[in-house]
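Chain IDs A, B, C and D follow the sequence of writing; residue 1 opens each chain.
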Amino acid sequence: MFFASVQRDLRLLLRQGSEAWLVLVFFLLIASLFPLAMQPETKTLLAIGPGVTWVSALLSVLLSMPRMFAADAQDGSLEQMLLQSEAWMAMLLGKLVAHWLASGLPLSLVAPLIGLQYGLDAGAIAVLVAGLLLGTPMLTLIGAIAAALNLSARGGGALLALLMLPLCIPVLVFGAGAVEAQSAGLGAEAHLSLLAAGLIIASILAPWACSSAIKIALD
Amino acid sequence: MKDHSFYILMSYGVFALVVLIELYALRRHRRRAIEEAKQMEAGMHRQAEGNSHARELDPS
Amino acid sequence: MTANQSQLLAANIYLSRGRRRLLSNLGFTLEPGQWLALLGPNGSGKSTLLRALCGLYSFDQTPELRFAGQTIKSLAHCPDLQLIFQGHAPGWKDGLSTLENLRWQSSLDRYGESALGDRALEDALDHCGIAQQRHLPFAVLSAGQRRRLAMSRLCLSLWARQAQARSDDRERKLVWLLDEPSTALDDQGQDLMGRLLHQLLEQGGLAIVATHGAMPGSPQAAMLKLGS
Amino acid sequence: MKASDAVKEHESGPLWSRYAAPARFFPLAGRLVVPFYVLAAILGAIGLYIGFVIAPTDWQQGESYRIVFIHVPAAWMSMIIYLAMAFWGLLALVLNTRLSAMMLQALAPTGAWMTFIALWTGAFWGKPTWGTYWVWDARITSELILLFLYFGVIGLRASIDDDRKADKACALMAIVGAVNVPIIYFSVKWWNTLHQGASVSLTAAPKMAQTMLVAMLIMTAAAWAYSIATSLVRVRSLIIQREPPSTIADSSGGPQPAFATSPPGSSGK
């Protein structure tokens, strides 16, 4: 059921067309705005590069979040899944993974482009990508809780941002911190292992919270 | 030693303001809640043709 | 409390929507081979009651709900029941074709591991008269055709039940909870719906159907009138 | 029929469950409001008297340190109230009690105000002491994020129309937030140590005189009393809004409508 769910969500996403790659374009676009808003000096760019990449990634994931459950809740598919109580968790995990495959993963893979724009060296870029690969699943997990809570509300995007962004700050801190630690010659292992630990904890707790939020929304 | 009364005033002044705002908001919330409850009560009694009781609840 | 063989019993049902109490102290019993028609004006709580019986909506207080003498949490949480619920939004995706939709739904419904391959899916669509639309996206189907897709799901559940009954070990009763299944259907479609229901009851299944009118071709129902 | 059943449900059973029915809790809360307001006023007056008249001027910071008498209690309350919200949220989800969800919602605005006061007074304490209104210090940053978490709960509540959904959604959000608060604090602290140059270390707090500590503790007690009083008033308004009026029995349990009691005097400062 897990793989069937991943497959279904990815297929639906591909049929929708634009949605999937718009997130990527948005990511690159935001990251390109920062140098235009300031003096593009090598030193400044180097200093803000990792942070800008991470903030852009966070905003792109935020942008992709509403599609996670909203359509399925509206047409009743979420209800039908929830009725299969044994398979429900597997399907939910499938949806989360599918979402990450279509947002976090491609983001992490194009991040080196931004790294080059900001003049990061190869080591820093490697750490940036590693950090994103560990961190974006967490963004998806946290965002999914917010998106599920948002299902109950008539709030829309602003409320989603208000719920999701504060909870994502630790990911941002350690993700961007990893690159800076690498550039400063301190090594990024500590940051990356903290991200990995966070990912493990999040993947245990977040699906549970997400599932309860969905049950609340459909109640 | 420099005079710090501006900072103290700004801190305690805003603090007092916040307390006043909150107390005022609480009062308004309560008024509104009571108003709503009275309307609901009156409506219910009109429906249930128990008008004698509804009159008791009317203000004045 | 006579614990009749596979009797569905519900009692002490209290249900509200928002601050409005819809149902109080409602109850019913249903024997295998019987169906219950929920009647009542719009907003009288028919759909809400169906959702609540599935465990998708909370009752105001825990009602008494038993199947075959066993207390159950909801119809979806009962190992002896195979539940098919079709509400207002039956969960079809606009982006998938008719056949893909049915395939996904039947993998959800998991008729045991009985091999109901694509062959059976197409047969079901054919039986319900939308075989020609099987590769069209759901979004372009008409309201009546959408209902027919829903019926092909019911059809599949019947066939799977039959296949299982032949080979099977343990009896799992099929129960349908349908929300106005014959709206938007033409005469022929309504007829088919009635026949499907008839077949279900002959198999010893149960059904609770929110409806406005009688269902042609189906046996007499127990009636439950909701609302004032 | 109707919600009078809700009262009867709780008529028997242990004491806590009797008061878990909002209609039962209503008169109890009403009796507690005024004492807590009075307590807050008295304690506040004593605290401020000690803080401003008895406590000596700090030789290092001058008069401006007197801001701590509200800053520190407000900062403590902001965190305690969030934890209390998470506690009520947990009760609301596990025991499915309406009253705990209402308590959660009643606490949120007071908590947000406390957080705001802590940030504001922190800024006006920081300026004369360190020469800047804002420092990206771990504690201040966490406090700011806490404010956003409060806004999240309040915003979520405001945008859900169905009370039952709102209760549970807010409860879940409060719990998720509370789990995150320590992680956020830890992460910001970690981030802070990495950027040592950019910030001022606030950890080297000068040793506090005995009287200052006493004043601060009394002010903290006043803040507790004030928060309890305001949240009780708010929870009473919520009960009036949400429970059928006929079920809300005041003190004697008679048929007299709840709102006949006079509103509490605004005896806070």
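Following the convention adopted for this analysis, contacts are C-beta pairs under 8 Å (C-beta built on N, C-alpha and C of every residue); 3 or more make two chains touch, one makes a residue touch a chain.
Computed from a predicted structure; not experimentally measured.
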Comparison of C-D and B-D (more C-beta pairs in contact): B-D
Distance-maximising chain from chain D - centres being C-alpha averages: C
Distance between chain centroids, defined by C-alpha means - chain B, chain D (Å): 18
Distance between chain centroids, defined by C-alpha means - chain B, chain C (Å): 49
Interchain centroid distance [CA atoms averaged], chain A/chain D, Å: 33
Interface hub residues of chain D, defined as touching at least two other chains: 161-162, 164
Touching two or more other chains - residue numbers and ranges from chain C: 58
Multi-chain contact sites of chain A, meaning residues that touch two or more partners: 219
Sites on chain D touched by chain B in the complex: 57, 62-64, 66-67, 70-71, 74, 109-110, 113, 116-117, 120-121, 124-125, 127-128, 226, 230, 233-234, 236-238, 240-241, 244-246, 257-259, 263, 266, 268-269
Residues of chain A touching chain C in the complex: 1, 4, 8, 11-12, 15-16, 71, 74-85, 87, 218-219
Of chain D, residues touching chain A in the complex: 93, 145, 148-149, 151-152, 155-156, 159-162, 164-166, 168-169, 172-173, 175-177, 179-180, 183-184, 186-188, 190-191, 194
List of chain D residues in touch with chain C within their complex: 1-2, 5, 9, 161-164, 242
Touch list for chain B against partner chain D, complex: 1-5, 7-8, 10-12, 14-16, 18-19, 22-23, 25-27, 29-30, 32-34, 36-38, 40-41, 44, 57
